[in-house]
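Notes for the one structure printed next.
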Amino acid sequence: MTAVLKRWWPLGPLVLLLLAPYSALPLPGLLDGPLGSPGSLQLLALCLLYGALASGYDLLLGRTGLLSFGHALYFATGLYATDLAMLEFRLPFAAAALFGVACSVALALLLGSVGLRVTGIAFSMVTLAFAQAGAILVQRNPGGLTGGEEGRSAPADLLPDSLVGIQHTANLYWIALAHLLLTLAVVHWTASSPTGRVWAGIRENERRVEVLGLRPYGFKLVAFVVAGGLAGAGGVVYLLLTGGATPQAASSDATLALLVMVVLGGSGTRWGPLLGGVLYTWAAHRLGDLATSAAVAGLPAALRVPLSQPLLLLGALFVAVVYLLPGGLARLPARLRAGRTGRTADTAAVPVSEGVA
Amino acid sequence: MNTVVLLACTGLGLGALYFLVASGLSLIFGLMDVLNFAHGALLSVGAYAAWWAAGDGGMGFWLAVPFGTLVGTGAAVLLELVLIRPLYARPRDQILATVGVGLALPALLMGIWGADARPFPQPAALAGTVRLLGAVVPVNRFVLIGAALLVLLALRLFLARTRYGLIVRAGVEDRAMVTALGIDVRRAFTLVFAIGGAAAALGGALAGLYFGSVNPGQGTGLLIFAFVVVVMGGTGSVTGAAVASVAVGLVQQFANYYTAAGLGDLSVVVLLAVLLLVRPRGLTGRLA
Amino acid sequence: MTPLLSVRDLRVVIDGLHILHGVDLDVAPTGVTALLGRNGAGKTTTVRAIMGLVPRTGSVVLDGAEIGGLPTHRVVRRGIGYAPEDRGVFAGLTVAENLRLAERDSAPAYPLVHRLFPELKAREKQLAGTLSGGQQQMVAIGRTLLNGNRLIVADEPTKGLAPRIVTEVADVLARVAETVPVLLVEQNLALVRRVAGHCAVLADGRTAHRGAAAALLADEEAARRLLGVGRHPAPEVTP
């Protein structure tokens, strides 16, 4: 019985998530309107989307040990390529979405095959450089394509009617949920495949994988491309949710946000990145609403300043998690349990190496 | 010709700014393997402290710049002691912690003084222009170049002539071996953070002069170009950083002017990727 | 005779791999104590663990004081000079700077170092990276002699050196050991036979044998079993 429960418990929350649009349950404090209202569904869909993006990003960070500072590039590629395929080539949405994801995959394949020639922090900086180049391109609006600062709205005439308008928010929400399920399935399936076991080996000790006669390069490239494709699909969902493409999606801050989500939730765990993505997105929105509210404006500066800056609170929270809670929120229950049963986790040999007192 | 001179002076001024950020970044990474994503935020702290001191603080420009530098130095030392030092056994978490600080500090500045750029007071002596080879060049370009040269000279003297300079140079090569000679290398860590913070904060105060205003995102915007400089110049190498700063500043200015706007920025960023790929060892420690 | 340095149950785990499973080792208060064993037996890891350069558990007692939990720089300041396996010379620093970095005493023993290695005096301003292997080894040993150390740990100081230089290094070690005890990791058994009094032999990360060096090397069967002698003929040292 408990074994069944252990294996199938995610179905419970899934059913609840599927049914959420039909619910009028008010969640004061958590959401502004009732659960099924368009505003709430929009926020929930964004939370699910970022949960999925963080889970996909963790394929690199947590599963393979690759610290990429440029993941937003593949997200933005899916977003802009889909949008532009509709605007410029007049492709119908489905074809444009396929094109967008294909662009993300192709770009990830190209830049990954180049960037993965270096390892460690050099790889991180190569990805940062590529992503920054993408961000600059988008900002500069080459040939009037990207729309610069303004971005480009998606053409309503090419989108299916069922995906346009506030009355169809539930459909968008289900699409976001589907993307999340797809991402989780891909991550779970690949991570438990033979390839995934090599990824785990690379994360622990790349040299040892080489000693076994395997070339880490190909395996890392697979992870990079799969993660890039998932991010591209996320870009398509984002386009639907927000109705357009804006340059913030390509900024380095967008990648850093993903990094914060993953670390917050727990890198390398099954549910941690999802948890981190959902919490971060929800908190950023709620804090953003709070920041502009009249209640905060009237507070003394010591409270008003932090409360008016979501990034300040989230950045500080992030540092606190890195510092105090290695492993993120997902490992919190295990840590608490270990704490209660005599702190066995912390009494292991304390390593003393150079620079550590 | 006029344009070329003006572009060269502006490019050198920009290069000077890059050097002030990159020299500390390079020493910190060379010695400690910490890629300090909060380094741009330290520049912003220096910029706002100087801006505040010059305006509300009533100090006047010439006191405000050292004040800003001092505040930035303090912030850097605090960052090292409180956040970086306890994480020495976890190098990746060190980077993550600096990412968090890099996000939070500009947000703090934004929370206190708003997101908009604040005009930076220009002292009369530095507000004018100079005629150089027929071009009209703002004086503040030369202030930046002069400051960067002084910092370069001071850093070279520090590295060549002092015991801690010796420890830093040795530590860039092999940190473990330095400890194996009985030296507590952590003191050198705090010191390079202080030096790097001071240079970046001075850069921030002078960036206010160069751009005419300060804004919370200024430092972070400069950071990626400083990364280019660090990789190009070789980590841990102050002289390399100086040469690379000049190259990057000039290339950026000339390319932005003579080709499409933004192409200079783009080319520099692409240069970073190319350099890393061609010479990944550019990121491993080299000599000062 | 109480040992100067006494290591008990020293264990090292790196990346989940057990490198040392419990090394016991005594360094005699005079002369050279040799640490022997085949390649990969854990000799270098043992001295790195003593120096605190790798995470370790177990006990390391120097002259009655436990130093097994100290960070490297404090281990060294207790009076241990360390010449590592790869010599640990800073290639971008001059010879003089390499030596100056090692200064801990108020009056570093430069006369001693320059008497033993006149070449270091002559090449003071040369970058250490441009020195020959033997000269670099002189820098590494010279650094350990600058301060009034109670113990010198030398990890394969003759590795990769020409036979003539090996003899020179052996001479220096013999002279040094007259005043300071030395823990010597060495593959060159002729050199061990010449300078070492006691020895410990490691095998698979454990202590396999302890005793007098001469007795071990005289027992052909034991030497072959513990050290694999015969497969790696060592260059002869002229006495």
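We call the chains A, B and C, going by the order they appear; numbering starts again at 1 in every chain.
Going forward, a residue touches a chain if its C-beta (ideal position, glycine included) is under 8 Å from a C-beta of that chain, and two chains touch if they have at least 3 such contacts.
Molecules present, by chain and UniProt name: A, B = Branched-chain amino acid transport system permease protein; C = Branched-chain amino acid transport system ATP-binding protein.
Bear in mind the structure is a predicted one, so any value in this text is a computation, not a measurement.
S.K.: So which chain is farthest from chain C, going by the mean of the CA atoms in each chain?
M.R.: Result for the farthest chain: A.
S.K.: Quick check: which two chains are joined by the most contacting C-beta pairs?
M.R.: Looking across every pairing, the one with the most contacts is A-B.
S.K.: So how far apart, in whole Å, are chain B and chain C when each is placed at the average of its C-alpha atoms?
M.R.: Here chain B and chain C have centroids separated by 43 Å.
S.K.: Quick one: chain A and chain B, Cα centre-to-centre, how many Å?
M.R.: 31
S.K.: In whole angstrom, what separates the CA-based centres of chain A and chain C?
M.R.: Taking the mean C-alpha position of each chain, the two centres sit 52 Å apart.
S.K.: Could you pull out the residues of chain C that touch at least 2 other chains?
M.R.: Correct list: 53, 71-72.
S.K.: Touching at least two other chains at once: which residues of chain A meet that condition?
M.R.: 351, 353-357
S.K.: Of all residues in chain B, which are in touch with two or more distinct other chains?
M.R.: Residues 176, 179-180, 185.
S.K.: Which stretch or stretches of chain B touch chain C in the complex?
M.R.: 163, 166-167, 169-170, 173-174, 176-185, 287-288
S.K.: For chain B, which residues are in contact with chain A within the complex?
M.R.: Residues in contact with chain A: 33, 35, 83, 86-90, 92-93, 95-97, 99-108, 110-112, 175-176, 179-180, 185-186, 189, 224, 227-228, 231, 260-262, 265-266, 269-270, 272-273, 276-277, 280, 283.
S.K.: Can you list the residues on chain C that touch chain B in the complex?
M.R.: Answer in residue numbers: 51, 53, 71-73, 76-77, 82, 84, 88, 90-93, 97, 100-102, 104, 143, 147.
S.K.: Which stretch or stretches of chain A touch chain B in the complex?
M.R.: Residues 67, 114-115, 117-122, 124-126, 128-130, 132-133, 136-137, 139-140, 252-253, 256, 259-260, 263, 301, 304-306, 308-312, 314-316, 318-319, 322-323, 326, 351, 353-357.
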